[in-house]
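So, here come the structures, one by one.
In the two assemblies presented below, chain A is common to both, partnered first by chain B and then by chain C.
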Partner chain A sequence: MNRYLPLAITALAILALATLFLVIAPGMQISAQGPSQGLKPYTEAEARGRAVYVSMGCLYCHSQQPRSLAQAPDAERGWGRASVAGDYAYDDPHQLGTMRTGPDLMDIGDRLPSQAWQLTHLYQPRAIASWSIMPAYPYLFEHKDKAGPDDVVVKLPAQYAPKSGVIVAKQDALDLVTYLQGMKRQYAPPKDGLRDNGYALIAEKQRDATDATTASN
Partner chain B sequence: MTDKKPDPRRPDETFEPFEETRRIPWPVYSIAIALAIWGVIMLVQTSTAVEVADKTQKEVAKEDSTKLAQAAAPDLDAGKTLFADNCATCHGDAGEGVAGAFPPLHGSDVVKLGGAKAVTHIVMRGIGGKLNVNGDGYEGQMPAFGSVLSDTEISEIASYVATGLNDDAKTISAPEVADIRKVAGDKDPFDGGAGLAGLINDLPAQPNSEAADQGADSERVARLVGQGTDTVWACASCHGDKGEGIETVPRLAGLPAPYLAKQLHDFQRGTRFNDSMAYVAKGLSDREIGELANYYASMSSPSGAKPALQGDLKRGAQLAKQGDWSIGVPACFTCHGPSGVGVAPNFPGIAAQQPSYVAHQLAMWAGGSRHNSPLGLMAGIGKALNDSDRRAVADYLASLAPMPAMDKTELAAMESNIPVREGVDQ
Partner chain C sequence: MTETLGLLLALSFVISLLALTILIWAIANKQVHTPDADDARTIFEPGEGADIDYPDKPHHFDTARSGIDANSSSVVMWLIAAAVFWLIYGSLHGLAASLELHLPDLMSGTAQMTFGRMRTVHLNSVAYGWASQGGLAAVCWIIPRIFRTNLRMTGLLKLGIVLWNIGLAAGVLAIANGWTDGLEWLEIPWQIDIILAAGAACFVAPLIATAKNRNVHHIYVSGWYFLAGVLWFPVLFIVANIPGVHHGVEQATMNWWYAHNVLGLWLTPLGVGTAYYFIPKIIGKPVYSYALSLVGFWALALFYSQVGIHHLIGGPVPTWLVTLSVVHSVMMFVPVIAVAINQHVTVASNLWALKESMPLRFISFGAVMYTLASFQGSIEALRSVNTITHFTHYTVAHAHLGAYAFVSLVLMGAIYQIVPRATGKYWPFPRMIAWHFWLNVIGFAVYFFSLTIGGILQGLAQLDATKPFADSVILLKPYLEGRSLGGGLMTLGHVLLAINLIAIGFAKKTRETETENMVAAE
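Showing the complex of A and B:
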């Protein structure tokens, strides 16, 4: 353990190389990508809703990164096309998530555009699906005797509705739903959109090969 | 370090016998260099792979726009191919039509008098009502192709119908089609021959138009669709204002009323599973279900679907038109009607249906979690199709023109057939 200098230099060089290829190079690649065409910046209400999304920790159970068809049948599940770097241009920090205890939410605004559905579901997921393991968020709502003129009343089945009065959504719930409704990524991805297409090309080649063998049989 | 006395019970931790004498062996260097070269090659290869995968979709869009830029004479050969793909299933390969069902285009008085321009209008908007062609009466149920064909494609089809199938000399160019689209693109389908008479001068006598009869129930249904009730969400909040659907939410516009009513009853009974729809159906009365079914059955709206699953459209077209007997799958169109417009009361239209919905439902038929089709027909088909076939056929159907709304008189005749909750499963 005498050659401290060469050892230190080698260690630093390895670290520098890793940083160059894993941090700096992708950083340059991504920063060259503008927002995808068709992606709108968040409105004020959506930005507030996004803050609620972050504070509720939705990220722990919901990802925001549909995979390409070669990796998972996300498109067939109706979760939308595979996302590209430009789709996250206005997200800082992004809410990619790693767990899929619940479904991916990148495209939820296209898939479930109904404000009323979202409010019912946030108030009590079991009102819609008895098997749902999503927590209920009653503290995003208030119980009122009578709805005011601007109140949004939550539609609830008798089993979960209060005995008297109505359940109305607080501002946080409305903002969160506005954010979810705005999660739309159905526009065409940019041509130079950065993403990991997995084994799409290989899969395509294999399919062509199978087609050729089927045809020759 | 040096002033510590060595402990006889423990060997010297810093003792490294080879360190000073041996150099790093050359295989280690060569492996490191080889790894680096391999890394660079992989980096280059993967980035080309991403480009190629992106190309297919984008290239198609680009080709379309370059085609549009060439305002030259329409390509009649392309028109013939497009005719075979889009029109021939009903009107016949040579435009001869089917007596009593689909009017002829070859030698048709409508085409003769109206020319390529009238054909463009009809292709774009479709027809929903009775009409006379060459003195014979037809039901008049033509899909609107405006939302699925480009201006260039419509110009090619219209020009082919006017000059290739008939002896008209005048073709129509893509910019002219674009002008027509600006004026008429988002209008409802022609109300049969009476509607066409406004477009074409000197058209022979046509049946009277059946004015849309909005019943007394319409206001209540509109509230159900637009606002929902205290417990049930508005239909339109997911299915769209025009019932065109989105992603896994199906298109409802123009589906047969008895089919729609049966599905709602099945959701209610639990013979078709979808938590959100079960919730909705349980909050609806039989009467409301009947009214809603009629509401959506009589709705005409443009296609809201486009291929989105990277399916093989050629394979999809093959499955839809011919089927594939090697896997025991009949053509979709044998039951769901020519061009997938649907055959009331049991077979819903599948043209312009959302691709994610179709692929998802086929997977559900295959897995057995949907099992409410007459005679279990769809279960066998769903099982025979593999994943890429499901995507292919779903994408192909999404590229088709939507079916027109049902005729009012037909609807009225069918109302008595709408099954009630305790009714026999069809």
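Showing the complex of A and C:
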């Protein structure tokens, strides 16, 4: 290649093509679907809690996208049905995640609805599970001599409790728990929801092939 | 609708395949000028290139006398100093994040030091601070050489460096304090991204101006990668950071379109272009089969640009889109094999040079890792493999094989090669270079195999519904400890580079007096 302009134009055209296929076309398809029926926008407290989730970087260990049973036993673990594009209509930034150092959280509100459990777990995960490697978030809490009338006191085993006084949740911790409690999709899964059905299609093909072999025998 | 989109999938693949076929046909029928052996010698002067490239060897093309480095070496040295600073800063954050995963209560006192933030500061520091600026240093060094003209608009370049580093420093401070855009690879708040975008834009015009004023007809292969890369990256960065356009799952596809293209259309061109220049230049022989490099370049552009959605396999995105990215991921074998034949055959037929030149050792090790990382990536994108590895530390190992063992080692080699020539000084501690190499190679091997094995076991445990989730965490711990050990050795290697770099800053110019001391050799 000896000329710069054709090189530059072709290079940018290829990037435009990739943008068309990876961003624009799927974007149109996804927005045509709209939110799943029954999905509610976040309440103010949930939105604040979600901001804490984002700011602490929970994303880097927790996904929010249960896979289909054709691919993995996520549903059997109680992580909920396979998610579809419409389930995320109100998410900005999206927090789908790419890592499961910890479990998927898409339906954590269904699985662990207790505020007390969540607060203890955020203050010190090892107070609940000795094997856990999740960070503790003590700065979302306050050490007080005595709890005030509106304070939510964190229940702690003696090993992790302060020598005197109590640990109470700050607003950030309460909001984060509200967000987690709200993470449950109790509406009926939408028909024709958009998701990667590649595994189901492969399983179907394999079933057909097996059926065909059985039939021919 | 579904049928239409199924057709789109097929269309994208057919376009890419057709473009590649036309390119091969055009080469075979001499419709385009096929780069040949003469073009491959662009990087040499007549009569040059029978001997290894030592810093004190008289060049036929005397860079000092032609004035080619008079204005560019300060730009290059600014970039290298900034890059190595971010390498150390990023490595320390990476090491801390790694320790936190098996010692969770070690640093839990402050929000700034929580894993989710340390890890993110690490990624942004090494991707945008280290690899991007290290790569740009190589670009600013190599471009004037392959074009035989001095770098244009160096003032604008320096402004770009200043803006980029101010933006980046503000960005990592924001992330550490909890202000983030919350998308992987796009965490730096968009308000701060404006500074970074302005900095990136400052690099485009000078490099194009230098290309336009070149004194050679042929653009050497490194030039294609560099000139395309410096256009691709600002476009990607600006488009991806415009606020308020994307949300929900559509934002996720944009996220991975961007994030994978930062690797494919930015860091990879920097690494491959650098290796394409230095491997033949140091050995003193042109690359093995120069015509192949054209196929390698365009196939990379066509296929790599569409692989990003393999990060969402099995997720809530359209099936056709995932399949599209899986198919293109597998097609990456084409450009990778083309580059591998060119670079590895050149090194393999001149193995003696690896003993002579430490920079070459870094660069050719990195080039081999490019081949391996890409092969691994293609296989990892297959649905059957991805089910096991997707949400595990296997992916982290793979990311480091590409961004570290490939890109970073190539760039470290480039730094060892460039600095003595840009400063007219010798490395004060040449033996430290060998120590650095082995610390990085051994450290990386420990890192990679720990997370690869740990990741597979983690994935298999999570696929077994009879095992509680806890099992996948407990079994992983020794492998996370292994990662910290490997990461510690790697960081130590980087410290040796920094020591040598600081020391060379205080060293006297010795080029004229000490001609026997061959720095590049052990």
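We adopt the following convention: the second predicted complex is superposed on the first by the 184 of 217 C-alpha atoms of A that agree within 3 Å, B and C clash if a C-alpha of one lies under 4 Å from a C-alpha of the other, contacts with A are read in each partner's own complex, and residues count from 1 in each chain.
To be clear about the criterion, a contact is a pair of C-beta atoms (placed from the backbone, for glycine too) under 8 Å apart; a residue touches a chain by one contact, two chains touch by 3 or more.
Quantities reported herein were computed from a predicted structural model and do not represent experimental measurements.
**Q** Which partner does A:2 reach: the first (chain B), the second (chain C), both, or neither?
**A** The answer is both, since A:2 touches chain B and chain C.
**Q** Who does A:195 touch here: chain B (first), chain C (second), both, or neither?
**A** So A:195 meets both chain B and chain C here.
**Q** Counting residues of chain A in contact, which comes out ahead: chain B or chain C?
**A** Residues of chain A touched, chain B against chain C: more for C.
**Q** Once the shared chain is lined up, is A:55 touching chain B (first), chain C (second), both, or neither of them?
**A** In the superposed model, A:55 contacts chain C only, not chain B.
**Q** Figure out whether A:80 sits in contact with chain B (first) or chain C (second), or with both, or with neither.
**A** A:80 sits against chain B, while chain C stays out of touch.
**Q** Tell me which partner A:96 touches in the superposition: chain B (first), chain C (second), both or neither.
**A** The answer is second: A:96 touches chain C but not chain B.
**Q** Touch test for A:115: chain B only (first), chain C only (second), both, or neither?
**A** After superposing on A, A:115 lies in contact with chain B but is clear of chain C.
**Q** A:129 contacts which: chain B (first), chain C (second), both, neither?
**A** In the superposition, A:129 touches chain B and chain C alike.
**Q** Overlap the chain B and chain C contact sets on chain A and report the shared residues.
**A** Overlap of chain B and chain C footprints on chain A: residues 1-3, 73, 76-77, 129, 193-197, 201.
**Q** Of all residues in chain B, which touch chain A in the complex?
**A** Chain B reaches chain A through residues 14, 16, 19-20, 49-50, 52-54, 57-58, 61, 228-234, 237-238, 246-249, 275-276, 279, 282-283, 308-310, 356-357, 359-360, 363, 387-388, 390-391.
**Q** Spell out the part of chain A that touches chain C in their complex, as residue ranges.
**A** 1-4, 7-8, 10-12, 14-15, 17-19, 21-23, 25-27, 29-32, 54-61, 63, 65, 67-68, 71-73, 76-77, 82-85, 87-103, 125-126, 129, 131-139, 193-199, 201-202
**Q** Which chain C residues qualify as touching chain A in the complex?
**A** Residue list for chain C touching chain A: 1, 5, 8, 12, 15, 32-33, 35, 100-102, 104-105, 108-111, 114-117, 119-120, 178-184, 208, 211-212, 217-219, 224, 227-228, 231-232, 235-236, 239, 246-257, 261, 265, 294, 298, 301-302, 305-306, 308-309, 311-319, 321-325, 383, 387, 390-393, 395, 462-465, 469-470, 472-474, 476-477, 480.
**Q** If you look only at chain A, which of its residues touch chain B in the complex?
**A** Those in contact with chain B are residues 1-3, 69, 73, 75-78, 80-81, 107, 110-117, 120, 127-130, 153, 155-158, 161, 186, 188-189, 191-197, 200-201, 204, 207.
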